[in-house]
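Next come two complexes, and both contain subunit A; in the first it sits with subunit B, in the second with subunit C.
Now for the complex of A and B:
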């Protein structure tokens, strides 16, 4: 165990990728602000650089002058401000995350920004858990909007939902062939298709690779989705469309990202752990993860590789298991 | 609170696509008289007809279609499309002017003895003839009989157009007929003992009767299938494939594209056991197309062989031995590890396969949108058809 008490040493080590659990209801920019504020607060509590010395020459020049060296007031933290301030850090994310989405959120610090951007350029897949509520439709497709429509949902049962979701999955997987950017009548298209799942050529096209219903207790249901190039509104629309296809209406009540590339919920730091020590641990774990999964080599293939895969969970029998993740 | 209308459990839906000009789709496409009639449908379209009748079987012939309905009325089979050989019955709304082209489903009234209780279980269609299998009264045949494919005596210079003849084959040597199949100009019957009978054109040996002439009377197919319990026969043009209950494949007929034996014999007129299908596992479904064959085993793996667009990319167009189409093309991947193909079918130039999660995949030569993929481009590997 190495204990470091000097802040400048820690400052030099603050470069890497952190994986945190973003709470719902706040924007990514606000999360970044809180995170940097916490880092600065913790850094300033360590042993920071003492104020620079200043030579004081005091006294009456005609009689005797006193010379002494003492910490300068011009360099005192109470005068110039804390030693470490949020503006000193560069922190950004690769994959954007919406305001209402909670879950795995990967940020880079200082030199880690490049790593995070490169990782996102390879378009890894993300797994979301979407919770929906049948019988209500809101104007924002989310539970924070005004309810505009109510419909019956007693006819909706588990098997209907499962069939619908399976057909959505098959349709998206078929669409993937058309979006690959290759002429579908060519040999290249055939070779790509034989490999299985391929990433679209355009980074703006969302594709759902896997959808599965993992919990159904009317009016609530939860679906797990593995997708690429998605955005918050797209996921909310998905829940709404599922409701429409079931001849009812549905609104999304929560979206949780449970996996991004090889970062899962186990690697994500909770709000109470957004402190310096935990962030440093997270950085070292992330670098280990990225090295293990060879993050820098993945751009070579257009297919989904092993790190992109995530076997969708079997239906959860016990409801409590879901609640504890919040 | 809204209550959205949802149709009451439609179990019997029929979708049609392909060439519509001859009425073979049975849907009224010309909504405005001033516009050109639509000549082909590239995507599956649902027919209203299936909402009103419980359709139990469909057969597509060359330019015509027959639907078998489960009903106690006397109209149990409906046909539409080309009717130049009366393959879908005699229809003359104006006296003595029988229709040659029928654009909407027209009822074919079979001369049944017991109309309310006899049910039609199967229909099969060839180039210009139609076979209807009932549960109690055997097979009814109509249409062209130039080669004896209707199972009745060939009449020299018989006029098939506007002919009201519907012939009945009540049984085969006393045994009940279990299933039927039509090739281009021949007919095949499987009886309850698993024996196969054939009649019709034999020029390529497709009747399997040991000769190359036409035969009107259904006779037992000779060769390696004698003694086997055949569960399915399949034929679209001149090549015939059959599987027994053990999953072994037998074939006879046209073999110009190395569909049947290793030896370079182009016509085989007795049933032969296909050694090339030996290592494929237990075959559960098989289909013989125009110049190729397809088989699926109990593990859901699909094998193709023959000549044409086989489904393994644009380069592979000839396979003498059965080669497997990678199951990833049918959607078996990490998200659907249990996906299997459960049924296959073939046309003259294209294939179809159905998976266990209810999806339809088609590939091959896309003649006028017959693949249902939304365009007229040939499809070189299986692609899922969007059936909404």
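Now for the complex of A and C:
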């Protein structure tokens, strides 16, 4: 364990990937603003560099001149501002995340931006938990909108929902082969198909690899989806469409991202932990994780990687696990 | 056409700043320019301030005059002959700059302000303030004001913060400031109360006595307060009195018409939690909506524990949902297992989990990752 009290040393270490838990209801840009504000606040509390010296010459040139050195006022933190300011940082995210989505959110800091960008270019899968409410539909497809339609849902049961999500999954798997970018009748397509799940060639078309209902208690239900190329509105409309197919209507009430590539909820930092110390820990944890899963050496090929495939089966955090803790 | 005007304004401002600084510079270095020139320049400046809108041509003409004066002194010597006199004190004017850092090593005023702890970095972003500060002389314009504030009871270590928040205090005459203090005395504010008002709200003294009287009158009339209550409100939250009145009226409207508090309840809220009137309107409505419609707290309960309206929605929400999960969300004082609304929002997460939720903070953290 090494204790560092000097801010410049810490600044040099601030390059990497942080994984945080984004609360629902605030935008990604706002999360970034809070994060950088916190980092700057904590950095300025450490031992920052002293003001530069100011050299000036005084005296009568015809007799004698004296050279004086004193701390320069022009470099005082009260004049030029705090030593570390949010503008000094480069901080972006690879995978965009909508305002109403909560959950795992991966950001890069300084040199970490490259890693995040590369990770995003490999198009890893994300896993979402979507909570839906049967019986009403809103104009925004989300619970914050105005209710525009109501319907009964007494006829909806677990088996009907399971059948529906299974058929959605089958349709998407078929779509996956169509989107592979090769002729479906060719030998190449066959060779791709025997390897397992493949990524779509187009980065705009959402593909669901797995979808299942994990909780059903009418009118509330929860489904878990593993997907690529998804976005907030797509997930909201998915819930809406499920409602329509069940001969009822449904609204999405919450979207939670529980996994992004190999980052899961257990790596994510809660809002109260967005402090310098926790972020530094998160950075070292992330670099270890990326190394273990060989994120930099991963493919340019069309297949899902092994880590993705193995995770498609099991949910990341069980509800039962949470309940045993109380 | 518009672009040209903008450009012109910028030019005028920078020239002005540059000039202002050069006055201080001349005094410092005992420049050889005759004192008439300096005084002319200062007079120009004073007249300029009264005129407010000098044209670019005037500026140029003045600059030319200044140069002519310098030339007039030196024209008897040829440039080819070796120079025998002391010219080390001549230096070019300091260039126009976008912040104080360029001037501060040569400006005693700015250095004094830094010693007081004034945050110049924050001041320079405010409109009109840099020009105003640069035209100040510490002994002439500032010393007496600072002494006055110190006599009123502002401690030396808070002066920097005070001036950072309200640099315009130096604009007012001392007599005017005294009148405003006398007004408070006439309204039976004790010396300690006045000290607290001035310390907590640096802007207070910049408001005229009539304006303050009007504002205090508004609170007294709207909420039917008696003298003591008005005084306790002004001392408890001095910021409220000088705050944007439109905002305060909007929040009063929200509390009365949108949330449905009665006049008596509003008075109680104002006296116990005046900060509610400073909070932004939308977050206030959102947190009330959650507390009243989801947590089902009555108006009376909210009036008894107004702290809950002060806190942010996500804080109330996550703690309420956690209590609900544990089956402890019971806010009726007449039943068993009562949890007061104040207990929900006070304390850190670990204190809350231990004392109120009777659970562990680890469980709470895992729960937070599920919403």
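We adopt the following convention: the second predicted complex is superposed on the first by the 293 of 326 C-alpha atoms of A that agree within 3 Å, B and C clash if a C-alpha of one lies under 4 Å from a C-alpha of the other, contacts with A are read in each partner's own complex, and residues count from 1 in each chain.
The rule is short, and it goes like this: a contact is a pair of C-beta atoms (placed from the backbone, for glycine too) under 8 Å apart; a residue touches a chain by one contact, two chains touch by 3 or more.
These numbers come from a predicted model, not from an experiment.
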{"item": "Touching partner for A:186 - first (subunit B), second (subunit C), both, neither", "value": "first"}
{"item": "Partner chain in contact with A:171 - subunit B first, subunit C second, else both or neither", "value": "first"}
{"item": "Touched partner set for A:95, first subunit B, second subunit C, both or neither", "value": "neither"}
{"item": "Touching partner for A:21 - first (subunit B), second (subunit C), both, neither", "value": "second"}
{"item": "Which superposed partner A:61 touches (first subunit B, second subunit C, both, neither)", "value": "second"}
{"item": "Which superposed partner A:155 touches (first subunit B, second subunit C, both, neither)", "value": "first"}
{"item": "A:197 touches, of subunit B and subunit C: first, second, both or neither?", "value": "first"}
{"item": "Partner chain in contact with A:31 - subunit B first, subunit C second, else both or neither", "value": "neither"}
{"item": "Subunit B and subunit C footprints on subunit A, overlapping residues", "value": "none"}
{"item": "Interface residues, subunit C side, partner subunit A - complex", "value": "86, 88, 99-102, 104-105, 110-111, 114, 117-121, 314, 325-326, 349, 359-360, 362-363, 365-371"}
{"item": "Residue ranges of subunit A in contact with subunit C within the complex", "value": "21, 23-25, 54, 56, 60-62, 72-82, 102, 254, 256, 265, 268, 270-272, 317, 319, 322, 325-326"}
{"item": "Subunit B residues touching subunit A - in the complex, by the definition given at the top", "value": "1-6, 312-315, 326, 328-329, 331, 333-336, 357-359, 377-381, 383-384, 386"}
{"item": "Of all residues in subunit A, those that touch subunit B in their complex", "value": "149-152, 155, 163, 166-167, 169-171, 173-174, 177, 184-187, 189-191, 193-197, 209-210, 212, 226, 247-249, 309, 311-312"}
